[in-house]
Amino acid sequence: MDADLARAWVAAVATSVTEHAAELTDLDAAIGDGDHGVNLRRGFDAVVVALAGFEADTAGAVLTKTGTTLVSKVGGASGPLYGSLFRALGKSLPGEVDAVAFGDGLRAGLDAIVRLGKAAPGDKTMVDALTPAVDAFAAAAPAGFAAAARAASAAAAEGATATTPLQARKGRASYLGERSAGHQDPGATSTALVFAALAAVADA
Amino acid sequence: MDADLARAWVAAVATSVTEHAAELTDLDAAIGDGDHGVNLRRGFDAVVVALAGFEADTAGAVLTKTGTTLVSKVGGASGPLYGSLFRALGKSLPGEVDAVAFGDGLRAGLDAIVRLGKAAPGDKTMVDALTPAVDAFAAAAPAGFAAAARAASAAAAEGATATTPLQARKGRASYLGERSAGHQDPGATSTALVFAALAAVADA
Amino acid sequence: MVGIVLVSHSERLAHGLRDMLVQVAGEEVPIEAAGGTDDGGLGTSYDRILVAIDRADRGGGVLVLTDLGSAVLTAQTVLEDRVANTAVLVDAPFVEGAVAAAVLAGAGADLAECTRAATEARDVRKL
Amino acid sequence: MVGIVLVSHSERLAHGLRDMLVQVAGEEVPIEAAGGTDDGGLGTSYDRILVAIDRADRGGGVLVLTDLGSAVLTAQTVLEDRVANTAVLVDAPFVEGAVAAAVLAGAGADLAECTRAATEARDVRKL
C-alpha cells in the first residue's frame, strides 16, 4: 500500500459510511444512543477535508492523519477507538508497505483498540469484527495484498453478523443485558464496511 | 403556648435569621456551600408571608404551616429538616399546650429530623444543638414554659458551640474529614437561634 | 412505561442529564428534570420535584434519582407526603444510575428492574 | 491548587455541575467544563477536553472526571497524547466524585487526596 492507495481506502470508507449512515444509526438506536452513523459521517467527512490539505508520501502518514482526525472529530466512543486503530496502523507502517507489513500494522491497530476499550471478543463490539479480519488478513498475506484484503473483508462481515445473538458486555448496550441479544452491533457493522472498502480499493 | 405565642416565636425566628444571615452563611462557606443564611432567610420570609394570610386557632396549626412552608421554600438540606421538626411538633400538639406537651412535641420533632437525616449526636449537625435543647426543655418543663424555654436555649447554644471541634459525618462537610474540625456547624448555630427566640417570646 | 425523575441542585445539570437519557431511552419514556430551587438557583425545590413526579407517573411507576444532600432529603419528604405510592427513591450514582435506568426503561423493563440497574451502576468500572 | 475537569456528553450537564462545584470549592479552584461535541451536541470533544485540562493545570495537577463511554475513552486518549504528565483520570461516580474532590480541592488538599475522595464517593450511601 502506498499513500495513494491509503487515500483511496479512506475515501472509500467515507463514501460507504455516508451510504450506510442511516443503517448504522438504526442499529445504534436499538442498543445504544442512535448516533453511530452520524458520528462516523462527521468523522470521515472531517478526514476527507483534512487529507485534502495534507501532503504525505507514505501510507503511514495518511493513516496516522486519518486516525488523529477521527479521534478529535467523531464525538462518540467509535472516535477514539477507530482513531487508535488508524493511528497505530499508520505509525507502525514502514516506508514500503507489503501485505505482511500491513497485516502487522492491523494487528497493532487491534491491540490499540483493545488497550483503550478493554473489550474482548464476544463482548459484542467492533472487536468482534476486527479480530477475525486481522487474523484473516495475516493468514492470507502470503497470497498478496488484494487477496488478504478480500479475506479480511469476508471475515469482518461474518464477525459483524455473528454479534447478533451476543449479549453486550461493553458500552451502553451492556445495561440491556439479555435484551441486547438479537441486534447486530453497530461498531462491528461499521468495521465490516471499513474492510469491504479496503478489499474494493485493493482489487481496483 | 397558644396560636399567638406560636406566631410570635416564628416571627422572632424570622427576625433573628435575618440578623444572623451573614454569620450563618459564613459558617456554611467554611465547611459547606455557603448558603445556610440565605436558605433560612428565604424560608422564614416565606413563612411570615404564609402565616399572615393563614387563619389558625391553635399553636399546632401555626407550627404545622410553618413546617410545610419551610419544607418547600428553603431550598437547602435545612428545609426538609427544619420543616420536619416544625411539622412534627405542630401535628403532635394538642389544642391546649402546656410545657410538658410542648416538650413532647419537640421530642417528636427531633425524632422526625433524625428519621429523615439519619444524623446521630456528634455528627456535627443541627442534631447536636437540638438534642440537648429537647432534653433540657423536658427536664425543666415542670418549672413552667418560660423556664423550660430558657433552659433549652442555653442547652442549644452550648450544643452549637460544642460542634466546633467535631468532625462532620453528615452532608457535604463530611468530605472534609479532619479539616471540618475547628468550625462551628451552621445548622447547629441556627438551631440555637430558634431556641433563643423561643426563650425571648416565652419571657415576654 | 417507567418514568424517571432527576433531582439535582442545578437546573442545568438536571436538564443536560435529561437530554442524555432521552437519547438512550427514546422519546416515549417520561423523563422529568427537577433541578434547582423555585427561582432556578442552586438548591432543591419541593414543588418542582412533586410536579416532575406527577408528570412522570404514567402507570409504570417512577424512579427518582438525586444528586446529594438536600436533593435526597427533599425528595424523601415529597415521597412521604405524596398520596399516590408509585414513586421510589433509589440510592444510586446520579448520572450513571440514571443512564442505566433509562436504557432499561426504554427497553420496556419494569420499575424493579430499572431500580436494580440504577443501583448496580455503582459497581460498573469506567477504566 | 488542584484543578478539576468535568467531561460529559452534555454541555449543559458539565456546566451545571461546574456551578455546583464552584459553590463548595470557592472561586480559586480551577474547575473546567468539557461537555458535548465541538459543536455543542451530545458527545465528547477531544479539543474541549484538552483545552479544559490545560486551563485547569495551575501547578497542583488536574483531576479529570468523566460520565460514560466516549467521555472516558476520549479523555484517556487526550491524557495519553498530552506531553505534560500532570492530569489523572479517576474512576469515580461523576457528580458525587466531583463534589467530593471539589470540597477537598477548595480546602487545599493535594491531587492524591482529591483523587481518593472522588473514588471513595462511590461508597457513600445517600439514604
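Things to note:
In order of appearance the chains are A, B, C and D, and numbering begins at 1 in each one.
Please note the rule applied: a residue touches a chain if its C-beta (ideal position, glycine included) is under 8 Å from a C-beta of that chain, and two chains touch if they have at least 3 such contacts.
Owing to the predicted nature of the structure, the values given are computational and were not obtained by experimental measurement.
The highest number of C-beta contact pairs joins the chains C-D. Subunit A and subunit B have CA centres that are 63 Å apart.
Mean C-alpha positions place subunit A and subunit D at a centre distance of 30 Å.
Averaged C-alpha coordinates put the centre of subunit C at 23 Å from the centre of subunit D.
As a whole-number value, the distance joining the C-alpha centres of subunit A and subunit C reads 37 Å.
Across the assembly, subunit C contributes residues 23, 42, 68, 76, 99 that each touch 2 or more other chains.
Counting partners per residue, subunit B has 33, 35, 172 as the residues that reach two or more other chains. Taken pair by pair, the chains that touch are A-C, A-D, B-C, B-D, C-D. On the side of subunit D, the complex with subunit A involves touching residues 37-38, 41-47, 68-70, 73-74, 76-77. By the touch rule above, subunit A contacts subunit C in their complex via residues 29, 32-35, 172, 175-176, 179. Across the interface of their complex, subunit C is touched by residues 33, 35, 39, 71-81, 83-84, 116-117, 171-172 of subunit B. Subunit D contributes residues 23-24, 26, 99-100, 103-104, 107, 109, 117, 121 to its touches with subunit B in the complex. Across the interface of their complex, subunit C is touched by residues 8-17, 19-20, 23, 35, 42, 66-68, 72, 76, 89, 91, 93-96, 99, 122, 125-127 of subunit D.
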